[in-house]
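The structure's right below; bear with me while I get my questions together.
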Amino acid sequence: MNNPYLPYPVRIAEIRVETEDKNLRTFKFEFLNPGDEEKFAYLPGQFAELSVPGQGEIPIGIASSPTEKGFVLFTVNRVGQVSSWMHNMKAGDVMGIRGPLGHPYPLEELRGKNVVIIAGGFAVTTLRSTITWLLQPENRPNYGKITFIYGARSPGLLLYKEEWMAWEKRDDIDVFVTIDREVPNWGYKVGFVPAVTKEVCPPPENTAAVICGPPVMIKFTQPVLEEAGYKPENIIMSLENRMKCGLGICGRCNVGPEYVCKDGPVFTLAQLNKLPKEY
Amino acid sequence: MPALEDVAKKIRESAKRLLAEGRAEVVVGYRRGTIPLTTAPFFARTAEECDQLVWSNFARINLANYLPGRKKVALVAKGCDARSAVGQVVENQIPRDELYVIGVPCTGMVDNALVAAKEPRPIREVVETTDDSFTLKGEGYSVEVRKEEVLRRNCRTCAHRTPKLADELAAPEVPGATPDDFADIKALASKTPAERLAHFKDLIKDCLRCYACRNACPLCYCPICFVDETRPQWLGKSNDPMDTLTFHLLRGLHCSGRCTSCGACETVCPVNIKVREFNRILELTVQKEWQYEPGLSWDQKPPLTMFQTDDAAEFIK
Amino acid sequence: MPEYIAKKSALTDFFKALSAGRRLLTPQGAGDQCRLAETAPDQVKLDYVNTHMSPKTLFFPQTEKLMAFHKDASKPDANIYSCAGDKAVPTVVFGLRPCDARGLSVANKVFQNDRFTDPYWKGKFDQTVSVGLACAAPAPQCFCAAMGGSPYGLTGLDILAFRLEGGDLGLKAGSEAGEALLKDLKLESADLAAVFNSQQAAAIQAQGVAPDYRPIDEANLMALFQDPHWLSTAENCLNCGVCTFFCPTCHCFDIQDEQDEKGGVRMRNWDTCMSWLFTVHGTGHNPRPSKTERVRQRFMHKLKYIPLKQDGVRGCTGCGRCVAMCPVNIDIRAVALKMCQSSAPSQA
């Protein structure tokens, strides 16, 4: 029987320090066993449990796109016991990943629509996956205008610099990167994500917004979108709650009757409006 | 032998008066339970709610447990509970002037396990009118039980049944019982370390790690208990005997010189662990070393929470 | 389907045949010492009330090893977890109460949900034949009928036994596997439907007039959630986990790693929504920060969330353990009534 608790063994192929405070590192994993990569078939928006033997597990959104073959990427913030341990691991070390877990962003349902992707801080991870996937030649023609709004407190806290700089040069995606306060030689936007969203978000007709960020950003961006005429059905969010099993069994991540791990983490605002705000 | 209803009346009168005078905003007492052999902690904020307050032979929970952080609160307290409340004032969990103690001199509370042992048939109703006996009723039977025969162990050896430091008493004073002679503890102390470890492991073998003992204890008011700390995580969370024993031993140590033998820990334990054994070992030690009993003075701090230059230090070698 | 009879004079033979090739677990011990224990066919007791703990312990023990790893770097699988669950033993459990069997079937739908199957639960669950014993005389804390069950309910059981006058046991199949097993046992078959029905009616009546909790089913989720009564409902709660640990449908657990110099294990331990730690985020944010939210979670889960996810079946089966065990007498029946009174009817 398939055991959904048992992680696939992986080797850390590469670790990249993402931010100037060194609190975020991106881990590139390669599967140790042939066939496991195929079993770990995922879509943008899903997450996995990263497993360090003897330390525990942490649920982390998948930052790579399934179109990127041979590896999977996770960007890990140093917060608790497992993530701190991981920050002291090095390339070549063996650990585990378990998943994919949760539901992906509804990219199938968004076909034919414009997509505005709004990210704040390090919550950009699964949105990196989404944009990478959308920009693939086989996927890009299926979608309308793509807009990417990404904010962080300062330039040094922005993830995936090379990638978004490359996206910025393309003409099939509009990229707006912003920081909270002006710094010298900053060539992009300045201001909070809600303000930038108000300024640049496309009209709501045939458009869906995907938002991922800290609670305070979501709290102030959501009304901006609603005022702009976005319907709750077209505002898509990804929730976080404390998780253990990732399978809808261990019971702690529920928001009303829905388990964030199994039934989410992706919900529309229309769904969340009917649920307790226990997240 | 006061009628329970007379005591209840006195409690209700006091509660209403304290609320009316603004001396208290909430009165923490007991109401009838929804099933036989129980009461429930109850928070009365209006005169109507005060009418639900009762006195009972089953008022086991120590209500001082609900005090930390409250303001303008009146507490219905047995001797042991009042001592816990005093301890909380001494330990700065509640200012003295926010607290009013309605003391109830107490002749002990009933151990339901002893009732079940005496009367194994299903009990559908309990009738209690006085504080020395009660009547059990079930399918085709009715038996009277003398409370003395089913008292909790801590109540049988309670030397401080009258809450002397209470702001008022809801019943006449009662004499204390013969104090705990700690005979079993002394016998245990004479055993080898291996024998004692085996004894303790057996004592806690059914523990579910539900922490009801901790949560019912008025001494356990830490915002985050050491067992819930995650960085570092001090001990494992499985039913491993050493982890479970470590929890009980450390909780016992944290309570040493502070425990008033209210028995709440044993009352709430769902698997009948004699939790107080850990506390009693330390109670004996503190009595012997410092001649101290907690909760009998508004200003005397528990010896293990203090440092004095003339502290005995023979144990430092 | 006909019923079957196991004769009083041949009960030992019946239990022997029932447990051929399986271990036999039955309730042993009295009062709060009553627990499921391995039993010889001639030692089965019929006069218990119910086991102290719920039978979920059979499939979901308090602590369970899930996987293990070693640190021997000379081997290729060093630091890689491999499955290490206990091997399931073929088992027949006799004497489950219908409330508990129903509880197991609710928990089963969590452990084997729409997306994932828990192999540790399933391994043991699939190896177990569940035989119930109907409750002719409900205990004072019982309220299965009010929660939509019956003291003679078949849900979650392969076979239900009920006592006949003279000491024989009536047997009724609750599943196809149960029916097949009863046929194999070569018992006398009989039409006991009338006896069964009249016993069941009497047993339900013995529980008293059942309160109608249907307004909760019909109520809007957010109306129930936002009702102010939760503050007073939760005020005396100690936030111990007793109700959750004793509940036959409570399924929450924590996953923990432990290791020494040679290797380690990953295990799961019962956890409880009453605990502050259960939901706290790494950032310190806690979606259920006080006991009010945690108490609400437990009752909403039992009486609203589970019914929404399990076709109206409640997460409370009326076994009465939490009522009997709660140190501060928080009675789910009283809470359910508050939920009924508070709830505005659903718009939908």
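Per-chain numbering from 1; labels A, B and C assigned in written order.
What we mean here is this: a contact is a pair of C-beta atoms (placed from the backbone, for glycine too) under 8 Å apart; a residue touches a chain by one contact, two chains touch by 3 or more.
Please read all numbers here as calculations on a predicted model, not as lab measurements.
Engineer: Measuring between Cα centroids, which chain is at the maximum distance from subunit A?
Structural biologist: Chain centre farthest from subunit A's centre: B.
Engineer: Which chain pair shares more contacting C-beta pairs: B-C, or A-B?
Structural biologist: The greater number of contacts lies at B-C.
Engineer: Taking each chain's centre as its mean C-alpha position, how far apart are subunit A and subunit C in Å?
Structural biologist: Measuring from centre to centre gives 38 Å for this pair.
Engineer: Centre to centre, by mean C-alpha position, how many angstrom separate subunit B and subunit C?
Structural biologist: Each chain reduced to its C-alpha mean, subunit B and subunit C end up 32 Å apart.
Engineer: CA centre of subunit A versus CA centre of subunit B: separation in Å?
Structural biologist: Taking the average C-alpha coordinate of subunit A and of subunit B, the gap between them is 51 Å.
Engineer: Give the residues of subunit C that touch two or more other chains, as numbers and ranges in rising order.
Structural biologist: 254, 256, 258
Engineer: Find every residue in subunit B that makes contact with two or more other chains and list them.
Structural biologist: Those would be 230.
Engineer: Which positions in subunit A are in touch with at least two other chains?
Structural biologist: Subunit A, residues with two or more chain partners: 80.
Engineer: Please output the residues of subunit C touching subunit A within their complex, sorted ascending.
Structural biologist: Residue positions touching the partner: 66-67, 69, 78-83, 110-111, 113-120, 122-123, 221-222, 225, 251-259, 264, 266, 268, 271, 273, 278-283, 285, 287-288, 293, 297, 300-301, 304-306, 308-309.
Engineer: Note which residues of subunit B are touching subunit C in the complex, please.
Structural biologist: 33-36, 38-43, 61, 65-66, 113, 116-117, 120, 122-124, 139, 208-212, 214-216, 224, 228, 230, 236-240, 267-268, 270-272
Engineer: Under the touch definition given earlier, write down the residues of subunit C that touch subunit B in their complex.
Structural biologist: The contact residues of subunit C facing subunit B are 30-32, 49, 52, 62-63, 137, 139-141, 232, 235-236, 238-242, 245-246, 254, 256, 258, 267, 269-270, 272, 275-277, 323-325, 327-331, 333-334.
Engineer: Show which residues of subunit A lie in contact with subunit C when the two form their complex.
Structural biologist: Those in contact with subunit C are residues 1-7, 9, 32, 51-57, 79-80, 83, 94-96, 215, 240-242, 244-245, 247-257, 262, 274-279.
Engineer: Within the complex, which stretch of subunit B touches subunit A?
Structural biologist: Interface residues on subunit B, with respect to subunit A: 230-231, 233.
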